[in-house]
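Please see the structure below; I have some questions.
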Amino acid sequence: ASKGGGSATGPSGGAPGKALVIGASVSLTGDFSDSGKAVQRGYQLWADTMNAKGGILGRKVQLKIVNDASSPSQVVTNYQNLINKDHVDLTFGPFSTLLTIPASQVAKRYGYAFLAPAGGGPKVFAQKLNNFFFVQPAPTTQSGDVFAAYILSLPADQRPKTAAYAELDDPFAAPIAENIRQKFEAAGIKTVYKQVYPSETADLSPVMGAIAAKHPDVIVGGTQNQDAYGQIKSLVQLKFSPKFMFQSNGANSPLEYPDKVGRANTEGVISAADWFPGSTAAGSADFTAVYIKKYGGTAQSVDDSSAEAYATGQLIEAVAAKTHKIDNATIISSLHSGSWPTLLGNLSWSSDGAPNGEFNLVQWQKGKLVPIYPASVSQATPEAPKPNWGG
Amino acid sequence: MRSVRGIGQARAAVFFAVLAMLPAFNLAHWVLNMLVFTLMYAVMASAWNLLGGFAGYPSLGHAAFFGVGAYAVTLWFQHHGIHSGYEPFFLLPVIGIGAAIVGLPIAAIAMRTRSDVFAIVTITLLFVAQTLAFNLRSITGGAQGASIAIPPFSAATFERPFYDVLLVLLAVAMGLTWASMRSKVGLSLAAVRADEDKAAGIGVRVQAVKLLAFCVSVGLTAMVGAVWAYYVGFIYPQFAIDPLITIAIVLMTFLGGRATLWGPVIGAFILELAQQYFAYSLGGSQYYLIAYALVFLVVMLLMPRGIVPSIQERLRHRRRRRVVDAPTSTGGAAQPVRAEAASMTRRPFTPVPYAEGDRA
Amino acid sequence: MHALIQGIILGILTAGVYALMASGQTLIFGIMKVVNLAQGAMVILGAYLAFQLFTSFGIDPFLAIPITTVALFVVGVLVQLLFLRPLRSDDRSELSLLVTFAVALLLEGIMSVIWSTSDRSINTHYANSSWTVFGYQITLVRLWAFLLSLFALGLLYLLLNRTRFGRAIRASVQNPESATLLGVQSERVSAIGFGLGAATAAAAGSVYGLLYPFNSGSHYDLISRLLSIVILGGLGSVGGAVIGALVISVSSAIVASAISPIWSEMTFFIVLLLVLLVRPRGLFGTAARGAI
Amino acid sequence: MTTALLEVANVSRRFGSVRALQDASLTVERNSITALIGPNGSGKTTMFNVITGYLPADSGTIRFDGHDVTRAKPAILYRRGLSRTFQQARVFGHLTVQENLVVAGGFSVAQLFGRRVGRQDRERAAALLVEFRLSHVADLYASELSYGQRKLLEFAAVLMSQPKLVMLDEPTAGVNPVMIETMEQHIRQLHASGITFLIVEHDMNFVMRLCDPVVVLDQGHEIFTGAPDAVQSNPAVLDAYLGA
Amino acid sequence: MSEPILVLRSVVAGYGAGDILKGVDLEVQPATVTCLIGPNGAGKSTVLKCVSGLLRPRQGSVTYRGDVIDPLSTRKRLSRGIVHVPQDRSLFPAMTVWDNLLMGGYAMKDQKEVRRRVEQAADTFPICRQRAHDHAGSLSGGEQKQVELARTLVLDPGLVLLDEPSIGLDPKSRTQVFASIRGLAEQGITVLLVEQNARSGLAASDIGAVLETGIVRLVDSGASLLTNPEVARLYLGGHATPAAATAATSAPGR
């Protein structure tokens, strides 16, 4: 017989001492697997940290992470199984961003809070689900606005005159660039080229070739992962280096990015991030330390997807600390009020689950990703114009 | 002959009775969810089988029609309210017929090619459809996707309506398959599959049966697409029109056995359950694909023609033993032949005595 | 205009890479009538092997080709002997489609266990080098790939059309019974043939790894392209594979640079559709007399 | 109605450098049994293919039963009353022997939804199967037949429909002589009932016994048309076909 | 009479289920032509398949030059000199005529020798040279048959199994083929022939055997089978005049 139906408090009201099981489906294979795994690392790290501290409210944290192979049917099945077969206590969101909507609906049906560290497109919020919380400082499509703010803050003589936009046709890529373009055009920066390319585009050479021919001052890439690498590779081969190079995603991946485009070619590339090494936000130092301890590398090699995932856990921890309860209804009602400290900064949400904050701007400098804007978080002066490619 | 048919009908009755009663046993949501997806694939595999199995036109473009159904229902209900929750289901017949009508000119053009070329042409159509879904933003919402209202069913019995509707669709698909198999439609399709040119030359209504098979097949597929969209709640071009859907359908049909009534259904139950099970239980560990591929390969190696035909073949052989043992001959009541040079006869010549009526 | 010409140059050079991948496909599909859906996975396997040899031993991906070729040859032979041989001859070409798809999944699974599913790329010092000729950029790796594919295709052509082995392999597919009667050991010949097809994937894999980041799931994107090229060019026609690759890559590149990459995939599919509707046997396929 | 049933006028067809038919003409009168003979490669089968719409002619015209059918497809020709067999027997391997006959019986779109093999079908097929000694294999797949059995099946299939003109391409090749006589008998019967035949055959005895007139094709062009006894004494035919 | 070169003893064979051959006994003398006749579907082609190895007998044995060859593969039998020309189209349709001929010598090591013999065979059947570079599948039925026969000549066999070589041949070529079959025997090559064109077949043969429902019913000299009226009535048809033909056909099977 089905237990999960309607009674979210049933399984989660279990006695202290019983493990707190948290289920999540992430893409461990396919296009999003890099980030999917980073998310998995973040979840795991948080669970380890909690367990080292003796768990939440005396309950050990146990993760159940399954793969959705990027299929919406599978993601529905996975959350069905997590909730109704394995009776997990809480659910965390998937990384495969396109899958957030069907997954959040399943969670909603059974009264589960749905904390998603990725997948904050406009349509997600348009569902107006009260159980949904996007664990980033701002909706994904606004994550590039900070770049526009930076450029427009430059003195007139340093400001770029012409801009080119290369946008991946994806709900979480192209809109970011579009938001920037609106702001740029309003400020008089001329659009010399704009192109949306489909997600299967293996070869970005034609697009980048066309851009190179226009010699824009700034290239804004609304990117995910693969295409971000592809853009840079093509530009290097075409020997065209703009004054400013912004990529919304991919370029903020400290491990993969230099590996894929070559370390020498990262110099000066700008991206947006919510977390960055050396952040002073709540729990950031702890997180960095345990991350390095567990997975090796340096603070530089931490992916911000891991940080976002970790922050998801931090929220649970914070709710438990404040309410001494750890059930879905409490989590939902608590998160809807006030502001909650995480290593991404203080987060708060509107009723549809959209967060109300801002991203940070990061730049590759000497092989490292450093925050350059806004001033409150900046650790280095922006490198402008961007130097030539390393080859 | 009659008894065989009786068994077949009894088998179908039991199958559907069991499936219809299953939800009454208060099955867990996750089980019903799995069955919902399995039924979707069973319907689609049965539908594909009409074209790819019986007519021998291995379409790889069915996912395009799945997408047509998914988008049709989604877009329609962006402008029309869902109240009882059953409205999308009432729209299904319209969607099926609409897809069949859309399919008609496509079939007329694509079915000028055969076998592998037809497969490529149809998969090409699939990509064209996908590109259109991406790029006709004003209609489809492009890469941003499109959402349909959340079904207002209670959480306790959320899956039931979907399950029941799919069961009806499966009954329709299998019923149509069965009806075609025992009518001249099936006979004509088999002739088309074996040798279309010759069939045309001896007066088989090649064009009519081909188009019929195509339209029925894609109509059913579109209906499943519509149910899927409603069930999942949100569609994107790459998932609504996904080549992997076609591939899954084809794999299921071949595994169970092409051009058989039960093959596609059996294939769907094995592969979809295996896929859902392995993806969930082994998904985190990378071994999922290996397990899934091995299930498939092992079945194919043990039963190279698919499950149902391999079993049928074994049965047939047993039956055939009787047939072949019946005599073949030129003569009727032949008299013994006396050889002119008896010394050269190495074996006494004794014709088998038989009468005309002996022949089975 | 400059962008257009640059696009065409890129298209032509990219065609070389695809022609190289498609050459093995033509051999297996066109000659052996096995639709090898695992060809893409084999290309990726070749890329992983080249990646591994490069990162572990510093062997240049081009120099690694002889090693990876042998490895994939063995893989191909095994696939044929284990999975394809048991199929019955009358429906082999259809069933092979499924068996090879399962093999592709199997390879994908194995690769993701060994190398995980993260994106990999082979970053040699020359990976991004290009020459400037009259203001146009010619990427070194693509140029090499282009030449390599011409070489491999030439070799395959000679092997299939001018040697005893080539005749045997064609014979054993076209009429297995008769080939057996003439003393051809069809199974051995087919295994070697399939192995050769797989071996070309090794060469293509090295090049692919140099040009694009890849992961174990990258083969899905490859396979429909490869099939299209093979069909467009005409089954079994080695020259057709080159022309098919050129048509596809150049038309995509032109539309991508002149109109929009959004429609470039579509153009290529429409070109393919039109060609097939007018000439169902592809550009260079020959019509068989059949049974009339 | 004095026009001939089939009139082929100045038809040519080439394959690359091979000229299979060169300006060939042929007339089949109503209710005749016309033979088309000629050496191997003289274009007989190509003539059949061109007439029945399996191959387009490069030039020339074909009229059947008063209609121009030069570009018509096989399906149309069948509907006009033209039925043929193939030199290399083409049977439906996936269908049983019985079904092969039923499917050749011809049926309208409405009949499509009737029984796959109805009682009437079975009875009609059974009679033919008995005559051609195929009853014991009636339920086997046609792909399991021997060469000669396939030829017989294909011939029997033609008898299932009611054509105006039956074109047979080497019907007796590989068929047992006794069966050839059964075939011959059928042809005579149908002929008596008003059906016209055009037969390609290398068995000269068969041709001489059965056919009138005889058309001889050589290198894609007709070199002789006339009565059977005249053929045997025609020097051109002797030289090209029969051998001295 | 010398030792038979080929002996079939109680051979039982079939496809899938059921036996097609139900105990075939047959002896073939060296350097002779033996002709197998019988109704369609009697199992004649099946006998040849058992000899060449395309089909394994279920019971009984096939002995060639004193050795039991049942366990040998087709290839091994070929190397011992057993060549089989099947009944259905046996060419490789998408290969050129010349490549088809070269395939005839596949089993031979010496490629120069193969080329020489191919040239020789092409002399016997001029179509091979005329259409050397065309696909074999584009040839007419009779032309293909000629190429098949030419291909047999590339090897030098000890025993040739010919399955209805005269199918589709025009009268001129047919005469020529039967003459060359006799020629083979005169060169010391043994021929086992299956013919539906039984009169010509038997006329060219030393021995004739009648196969029916998988059993050899009668073995006799070719000439005496031809003159045996019962054989004629049951297997040869033998009625030259139309009137007689009608009479005869109504007799059997009625």
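Read from first to last, the chains carry the letters A, B, C, D and E; within each, the first residue is number 1.
Just so it is clear, contacts are C-beta pairs under 8 Å (C-beta built on N, C-alpha and C of every residue); 3 or more make two chains touch, one makes a residue touch a chain.
Here the structure is a predicted model, which is why all the values come from computation and not from measurement.
Asks: Taking touch as defined above, what minimum step count separates chain A and chain C?
Replies: Steps on the shortest route: 1.
Asks: Counting C-beta pairs in contact, which chain pair has more, B-D or C-E?
Replies: By number of C-beta pairs in contact, B-D is the larger.
Asks: Where the CA atoms of chain B average out and where those of chain E average out, how many Å apart are those spots?
Replies: Whole-Å distance between the two chain centres: 45.
Asks: Suppose each chain is reduced to the average of its Cα coordinates; what separation in Å results between chain A and chain B?
Replies: 42
Asks: Would you mind listing the residues of chain B that make contact with two or more other chains?
Replies: Those would be 131, 134, 195, 197-198, 244, 286, 288-289, 320, 323-324, 327-330, 356.
Asks: Identify all positions of chain C at which a residue touches two or more other chains, and write them in rising order.
Replies: 112, 116-117, 262, 265, 290-292
Asks: Hey, what residues on chain D touch two or more of the other chains?
Replies: Residue numbers touching two or more other chains: 45, 54, 86, 88, 90, 130, 133, 137, 176, 178-179.
Asks: Using the touch rule from the top, collect the residues of chain D that touch chain B in their complex.
Replies: Listed in rising order, the residues are 52-54, 73-75, 77-79, 83-84, 86, 90, 92-95, 99, 102-104, 106-107, 109, 111-117, 130, 133, 135-140, 157, 161, 176, 178-179.
Asks: Which chain A residues qualify as touching chain B in the complex?
Replies: Chain A residues touching chain B: 1-2, 4-6, 28-29, 65-69, 71-74, 76-78, 80-81, 83-85, 98, 101-102, 105, 108-111, 121-123, 126-127, 169-171, 174-175, 198-199.
Asks: Which bits of chain B are touching chain C when the two form their complex?
Replies: Contact set of chain B toward chain C: 58, 109, 112-114, 116-117, 120-121, 123-125, 127-128, 131-132, 134-135, 195, 197-198, 243-244, 247, 250-251, 254-255, 286-294, 296-297, 300-301, 304-305.
Asks: Taking the touch rule as given, give the residues of chain C at its contact with chain A in the complex, in rising order.
Replies: 2-3, 6-7, 10-11, 14, 112, 116-119, 121, 123, 127-130, 132, 137, 139, 212-213, 215-217, 221, 252-253, 256-257, 260-262, 264-265
Asks: For a test of understanding, state which residues of chain C touch chain B in their complex under the given definition.
Replies: Interface residues on the chain C side: 35, 83, 86-88, 91, 93-95, 97-99, 101-103, 105-106, 108-110, 112-113, 116-117, 220, 224, 227-228, 231, 235, 262-263, 265-266, 269-270, 272-273, 276-277, 280-282, 290-292.
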